[in-house]
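Let me begin by presenting the structure, written as structure tokens, before commenting on it.
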Amino acid sequence: MEHIGTADWIWLIPVLPLLGAAINGFFGTRLQRRFGEKAVHAVAILMPSLSFFITLGYFIRLMGLPEAERQLLCHLFDWIHIDTFTVPLAFWFDTLSAVMALMVTLVGTLIHIYSTAYMHKDTSYWRFFSFMNLFMFAMLTLVLGDNFLLMFIGWEGVGLCSYLLIAFWYQDIDKAQAGMKAFITNRIGDFGFIVGIFALMWALGGGWSDSGFTLVNPGQLTVVFREVQQYVGSLEGATIFGMSVATFACLCFFWGATAKSAQIPLYVWLPDAMAGPTPVSALIHAATMVTAGVYMVARLNFLFAMSATAMTAVALVGALTALFAATIGLFQNDIKKVLAYSTVSQLGYMFLGVGVGAYWAGIFHLLTHAFFKACLFLGSGSVIHAMHHAYHKAHNHDDDPQDMRNMGGLGRHMPTTRWTYLAACVAIAGFPFMSGFFSKDEILWKAFSNANTLVPGWILWAIGATGAVLTAFYMFRSYYMTFSGTFRGGAETERHLHESPKAITVVLSILGVLSIVGGVMGLPHLWHLPNWLEHWLAPVFHGSQALVKWGEFTHSTEWTLMLVSVLVAVTGFLFARMLYRDNRSEIPARMLKRFPAIHRVLYHKYYVDELYDATAIAGSVGLAKVSDWFDKYIIDGIVNLTGYFARFISWLHGLSDIYLVDGLVNGLAHASGAIGRWLRGWQTGRIQTYLYGVLGGGLVLILIRFILFD
Amino acid sequence: MIIGLPHYLIVAAVLFSLGIICVVSRRNAIGLLMGVELILNSANINLVAFARYVESGISGQVFALFVIVLAAAEAAVAMAIVMAIYRHLRNIDTAAAVNLKE
Amino acid sequence: MTWDNLPSLYPVLVLALGMLVVLVAGLTRAGQRRETRLILFIGMATLALAGVAGAGLSGATEISGLFRSDAFSRFVLFFGLISTALTLVLANNSREVAGRRMAEFTAIILALCTGLFLMSAAKDLLMAYLAMELVSLSSYILTGFRRADRLSHEAALKYVIYGGVASGVMVFGMSLLYGLTGTTSFSGISKALTGASTVAGAGQVGELAVVVAGVFVFAGFCFKIAAVPFHQWCPDVYQGAPTPFTGFLSVAPKAAGFALILRFLADIFPATGAHEAKWPLVTLLGIISAVTMTLGNFTALHQLNVKRLLAYSSIAHAGYMLMGVIVLDTDGSAAVILYLIVYLFMNLGAFAIIQLVSDSSGSSDLPAFTGLGTRAPLLAVFMGVFLFSLAGLPPLAGFIGKFYLFAALLKSNQFWFIILAVIGILNSVVALFYYVRILREMFLRAPAGEAPAAPAVPAVVMAVLALLVVPTLIFGVYWEPIRSLAVYAASALNLM
Amino acid sequence: MTESTLLSWIVFTPLLGIPVILALPKEKKQLIRYVAAITCAIPLLLGVYLYLIFDPSNTGIQLAHHFVWIRSFHIEYYLGVDGLSILMILLTVLISFIACIASFGIEKYLRGYFALFLLLETGMLGTFCALDFFLFYVFWEVMLLPMYFLIGIWGGPRKEYAAIKFFLYTLFGSLLMLLAIIALYFNSNPATLVDGTPVPHTFNMIKLITENDFANAPALLGFAFSKIVFIALFIGFAIKVPIVPFHTWLPDAHVEAPTPISVILAGVLLKMGGYGILRVNFGILPEATVWFAPAMALIGGVSIVYAAFVCLAQKDLKKLIAYSSVSHMGFVLLGIASFTEQGITGGVFQMWTHGLISPMLFLLAGVIYDRAHHREIEGFGGLAYRMPEYTGAIGLAFMASLGLPGLCGFISEVLVFLGAFPVFRTLTIISAMAVIITAAYYLWTIQRMFLGKLNEKYKDLPDLTWRERFTLYPLGALIVLLGIYPAPAMSLITDKLMNILQMFHG
């Protein structure tokens, strides 16, 4: 880390989309009314593309630098500065963030172009593009952030944008509900992330002993990634809550990642997030935002590598999520739901990759996944767009344009969509020489051969492999149900089916090509071909290389595993083809009747949502009601000097307007009211009682005098 | 047995308690005033007795004289007020004069 | 009694002379006419002359052990003169009092003023008794001054009977005290009580006799300042008496009563000797103070007649002032004197406004004040200033008075004194509630139905009000002068 | 208007405005409003000038205006500003000016309203500037009077009850404080007045802080002196913060107070408690503060979590914001009780950021109340369609309040948690959980009020008017700017806070 180049324009990369968001945000309505949609999307597309070119420029400059010096810093100012503790507002452009930024800007720009067609003639067109640009800003800040807190701005920023975009058509209350669910689940994750930051930072500075916290070296209190990496050595012996600080911090960060990247147990929001427009699902819930968790784990590779338990947790959760989500995906009828669960599953693979220590493999799968998953989503978007258009023309408003059961045989009407969708399916399934094959196979091989996790490598491999079979099956099931066979949606609508406009098809084809070609970045060592990506990311991950251990296996095992993964992909494909091609066979129907229970459980996502509603949400709302009652009656009651008293006055004199407080029980005021009433009773108006007072008063005084002083 | 200081004191004390009882029990305004007079006179007896036996000086007697004078003044004022009450209430029963209360 | 210390009696002579002149003027036809400007003029002239006479005096002259004219009694003299002058002006413009009998009212109140000065100057039991009787008798008459009003007579009746019994008990106490100590002068009593063993046989009996005598004497004093066991006359008399006189009654006699108590205690426990004997008396007074405050405030919570409410408030304020008395040092008495000065302005002011409102609306109950904020905003604001000052809120003078009382208590750092201060704090919170209830009536409530006419405020009364509001505001911010006056007066008492 | 009298001008300009306003004729409503606005603008301009000439690195008292006031009781008129009070003074002048503009909607008894409003402003400014304990107490109480009438006369349906409750709560606290002040005075070491006359005791806060050590003062009421005086002062300030057991006056006062007054109440009055604790408790009784710190942190934590849950169950928008204020002020306590650089800076900065966010929230609540005349959250629905600009503004305010990074709420929140984590580990984690509940109730409110089908009752609700924009946008801009670049505000306080921390670590 000795030599850090300075680059003073990196801050433009995130800020340009922010500028775009601001322009569209404040002047969007006027722009749209006066110059039409053109002006709006002109601004919206220009900004990310500019960012893309700047990123490309710096990417090339980075390529030019010698390997050890491939990191650029753009320091703007000290964001938070308190005496010795400073948090700089600075952007960090090293090989990892370069690759990520490039992917984000490229895919983002393409999806912006796609959206111009998809969102055509939507009234709040400007608002959509403003939020999309805002999202680009947040994602780029997250990726380019130089320290935890700046990354956290991006982290929550993307959460906010996903909320705004999921609930884009806020008129429909369920879509708004989905948005809120996403934001709150993310917020639960962010809570873990923040606690992780605190624990890590303070552990660097000193340590917790039984007598509390002792600050050893205040100089090391930092949140900047590279400085954390420098001082991480001092975490050796430190323990917190009984486990090593590294483990605790990593588990907290991973808790944040599970929310952001939809892993078990906080994945529930992603399927509902499909309520948003399809380009949103493509950009945010497939390519960029959900991968933030993987990027974070990769960025903190030196920390994760220090604790085996944390790595095992990441790998295991990743593998289980991959399998679990794949099972749910099998029988979904909504095309976007299928893709949603597929995303969750693929993310599981990425976490499996980074979990076992093959960080570059995780990133490699992330990049390839971005291409083919975006392509799949946009493909489904184009299908939905066409179906919606056709239904509209045929005045049929009750059928759901997203339900695959009403589709079929669209291949004839939408050739480009079909071929690009097929290309992506092939890539994701892992057919040989496809991008998916290289990245997924690398992950499975690294999982098999790793010696870092407490769980033996072959178990992880086995889970991953079964997941891969299911992936292939449900992808091709969706392909055949949509594009092959005869159109099940009625002749009238079929007449109006035609290919989507040029903007959509061009983007689809670009992504299709990328998803096929993408694999070239990280060719396996086995074939003695140059593995560019691993070499490119090496400086970032050299911190963890020392700690990560691999089992020694002969080349033959590696070849056999590669063959097995090809076999897996092919079997999945054949099965799907047999069951769903041209919708001819009735096996699926018969299976449905024989095992209705299994189907219902899988279709209803193991009733996890209902479980959460019953426990967490009902619990907190219940607790809220109890504390509100407690606050209104108990605390307010005891302390309230005037409430009950005012009511008492009115009861006494029937002055209704003073009767203000209903139902407020209150001790003190009642007491003062009672004393007052009792004392008043003495004043009877008869002189005799007064004279008794004189006599009695005198006697009492004499008595007190003797009681007290004798 | 010769009459000494204690005898006077006892008479004064008895007179004082009679005055208190009269004041507390009588309902008639004038009865009450009589009670007040009794109390004042008991104080006079005390004063005169102490002047003779304790101080063997005359300040006690001077004090008694003043008390007598003031008792008369007070009686005059009280009578005037009772007269005013009578003109309104037709009776001087203190139990009737109770609308100033609580 | 030599001729050269006669000047110290000039104020008394002037007042007596003034009284006679007023009575004679009252008989002449000019005095009979409804126009009573002549009577007022004579009254004010007498007060001014007495003031000039008083100002001329300096230093301390004792007259045959009976009477001591020093800075302290001169303070009480000026206090009495000012409050009488203000009351005269108010009475002159009040519907309850004005009319042909204004001459008698002025004459009697001048007599009362003389009594106040004598009370504070008394050095002898006889003098104390005489002065108290003079004040009491005059106030009996003035309480029943409203000829047509049954309430006024009933109040006077109760007052005269209650006062009679109380002064009777006090005299009996004084006789016992005389018997025990052989002298009637305060200093003599103090030497007898604290010096040699008690004359009439030592031991338990002597002790009991002293206590009974002390309690009976204090019964008379407490009646005068309306402290708890002997306060029951106060609400009825305040409600029955004509409003201007009620104002005067709540301020001047109470001040004289406190002056007498301070004088009495100062002479019994002079600065010289360390007095363990004082603790029983101090504790008794402390208990009386606490009970007075609490009873006054809590009973006032329920009042619906404003005069009666202020009666209980004045009882509570007597309780606060007793806090200053029990500390028995110059700081404590200076705090009491300061509180009295501030109390004069705020209480007289409050009663003046009640007088205006009850004159125009016929009743002094709370509903009469509803919506005053809209009808007569200036009066309502003045009343607000007086009430908030009575409640003891900082920017106003009432707070300064309370502040010094609490400071005197806390300075001594005695456990029970601090407890008393805390009780004082809690009482201030309760007190705020009933003062703010009047404000709520005035400002926060619009009058139901047709609003009674805004009270007509003659120019003179407005001047008096201004004379009362301005000090309440100014002394809240800059009270150096009255503080130095209080310390100067208190030092004359040669307490610790 | 020299350097030293600047503070006196800032504090007493509003007071000078009162007679001018009272002299104006009752009918000319617009004239009265403009005169009031100008009177509020002057302290704002002076505040800006103060900001320019204030030197953050000097941890001592600056711009002191100091002369003997009451010689007999050694009371001085002593105004001064330092790192602690500079932020609060700037906040007060800003929020008062904005509230004054927002008061243009008031119709009843205009002159009385603005007179009391200006008196309130003087009281607030005085409390922050006063460095003589007696003067501090006088200004502290001067605020009570106008607040009672402002809530009582111009308030909502239950205004009288809310007003008297506010008055009694605060009065009880402040009277306790009075006893503590007197006790401190009588136990203070001899000092000299500003003109050199030696005095046995002193009210001068700075001397009480620097030249006195109350650790070994005589016991009071049987307890250790510094502990019981600390508790008395703490209760007096805690009622104002407010912390949980003493907070029940806040929802009532906020719900019933007219919008501009609840803006002032939330924006400035709640900061008095925090400022008082830092200036008085921390300064004068350091060892009692160390003894009480864990309890203070616990109280702060409880306030945060408890109030957040209560918010979740609220039906009335203003009550919800009021309870969220209670929750946010819990951060202040948690922060300052941690004695770490980040914690104490976070606590003080939280007072500043909350002072920007909650006024904006109350203004927005006021906007919707002026239009729909009710504040039931369920009563609305789908407002975003009719009032997009308003939805944007309230969205920004809600996000800032729930601590969205990039806005100023986040910075103070994260600093408080960061600072409190090493010292109170589990408490901080539990309090951090409350951040989720905060997000939940704000989002649920947005859900019920702004999203979903438009409630046809509000088909024709107009969007923001220019006056409302003029009050909301400055606050919005500040919230965003200070979120990205907090240095201008934070640099003012850091040096002074480090100086205070010296006493605890040094």
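Letters A, B, C and D mark the chains in the order given here, with residues in each chain numbered from 1 onward.
The rule we apply is simple: contacts are C-beta pairs under 8 Å (C-beta built on N, C-alpha and C of every residue); 3 or more make two chains touch, one makes a residue touch a chain.
The shown structure was predicted, so the numbers you read here are calculated from the model rather than taken from an experiment.
Peer 1: Return the chain label for which the distance between chain Cα mean and whole-protein Cα mean is smallest.
Peer 2: It is chain D that sits nearest the middle.
Peer 1: Could you state the distance in Å from the CA-based centre of chain B to that of chain C?
Peer 2: Taking the mean C-alpha position of each chain, the two centres sit 26 Å apart.
Peer 1: How many Å are there between the centre of chain A and the centre of chain C, using C-alpha atoms for each centre?
Peer 2: From the centre of chain A to the centre of chain C is 78 Å.
Peer 1: Centre to centre, by mean C-alpha position, how many angstrom separate chain C and chain D?
Peer 2: Spacing between the chain centres: roughly 43 Å.
Peer 1: Please report how many Å separate the Cα centroid of chain A from that of chain B, as a whole number.
Peer 2: Computed from C-alpha means, the inter-chain centre distance equals 97 Å.
Peer 1: If I count partner chains per residue in chain C, which residues reach a count of at least 2?
Peer 2: In chain C, 157-158, 161, 165, 169, 235-236, 429, 433 touch at least two other chains.
Peer 1: For chain D, what residues touch not just one other chain but two or more?
Peer 2: Expected reply: 160, 164, 168.
Peer 1: If I count partner chains per residue in chain A, which residues reach a count of at least 2?
Peer 2: 641-642, 680, 683, 685, 687, 691
Peer 1: Which chains touch which?
Peer 2: A-B, A-C, A-D, B-C, C-D
Peer 1: Please give the residue numbers of chain A that touch chain D in the complex, ascending.
Peer 2: 77-85, 89, 149, 152-153, 155-157, 160, 163, 167, 170-173, 176-177, 179-180, 183-184, 187-188, 191, 194-195, 197-199, 201-202, 206, 208, 212-213, 215, 240, 620-621, 623-625, 627-628, 631, 635-636, 639-643, 646, 660-661
Peer 1: So in the complex, the part of chain C that touches chain A is made up of which residues?
Peer 2: Contacts found on chain C: 157-158, 161-162, 165-166, 169, 211-212, 215-216, 218-219, 222-223, 228-230, 232-233, 235-236, 279-280, 283-284, 287-288, 295, 298-302, 304, 429-430, 433, 445.
Peer 1: Which residues of chain A touch chain C in their complex?
Peer 2: Interface residues on the chain A side: 641-642, 645, 649, 652-653, 657, 672-673, 675-677, 679-680, 682-683, 685, 687, 689-691, 693-694, 696-698, 700-702, 704-706, 708-709.
Peer 1: Which bits of chain A are touching chain B when the two form their complex?
Peer 2: Against chain B, the touching part of chain A is residues 680-681, 683-688, 691-692, 695.
Peer 1: Considering the complex alone, what residue numbers of chain C touch chain B?
Peer 2: 125-126, 129-130, 133, 137, 140-141, 144, 147, 150-151, 153-158, 160-161, 164-165, 167-169, 171-172, 174-176, 178-179, 182-184, 199-200, 235-236, 239-240
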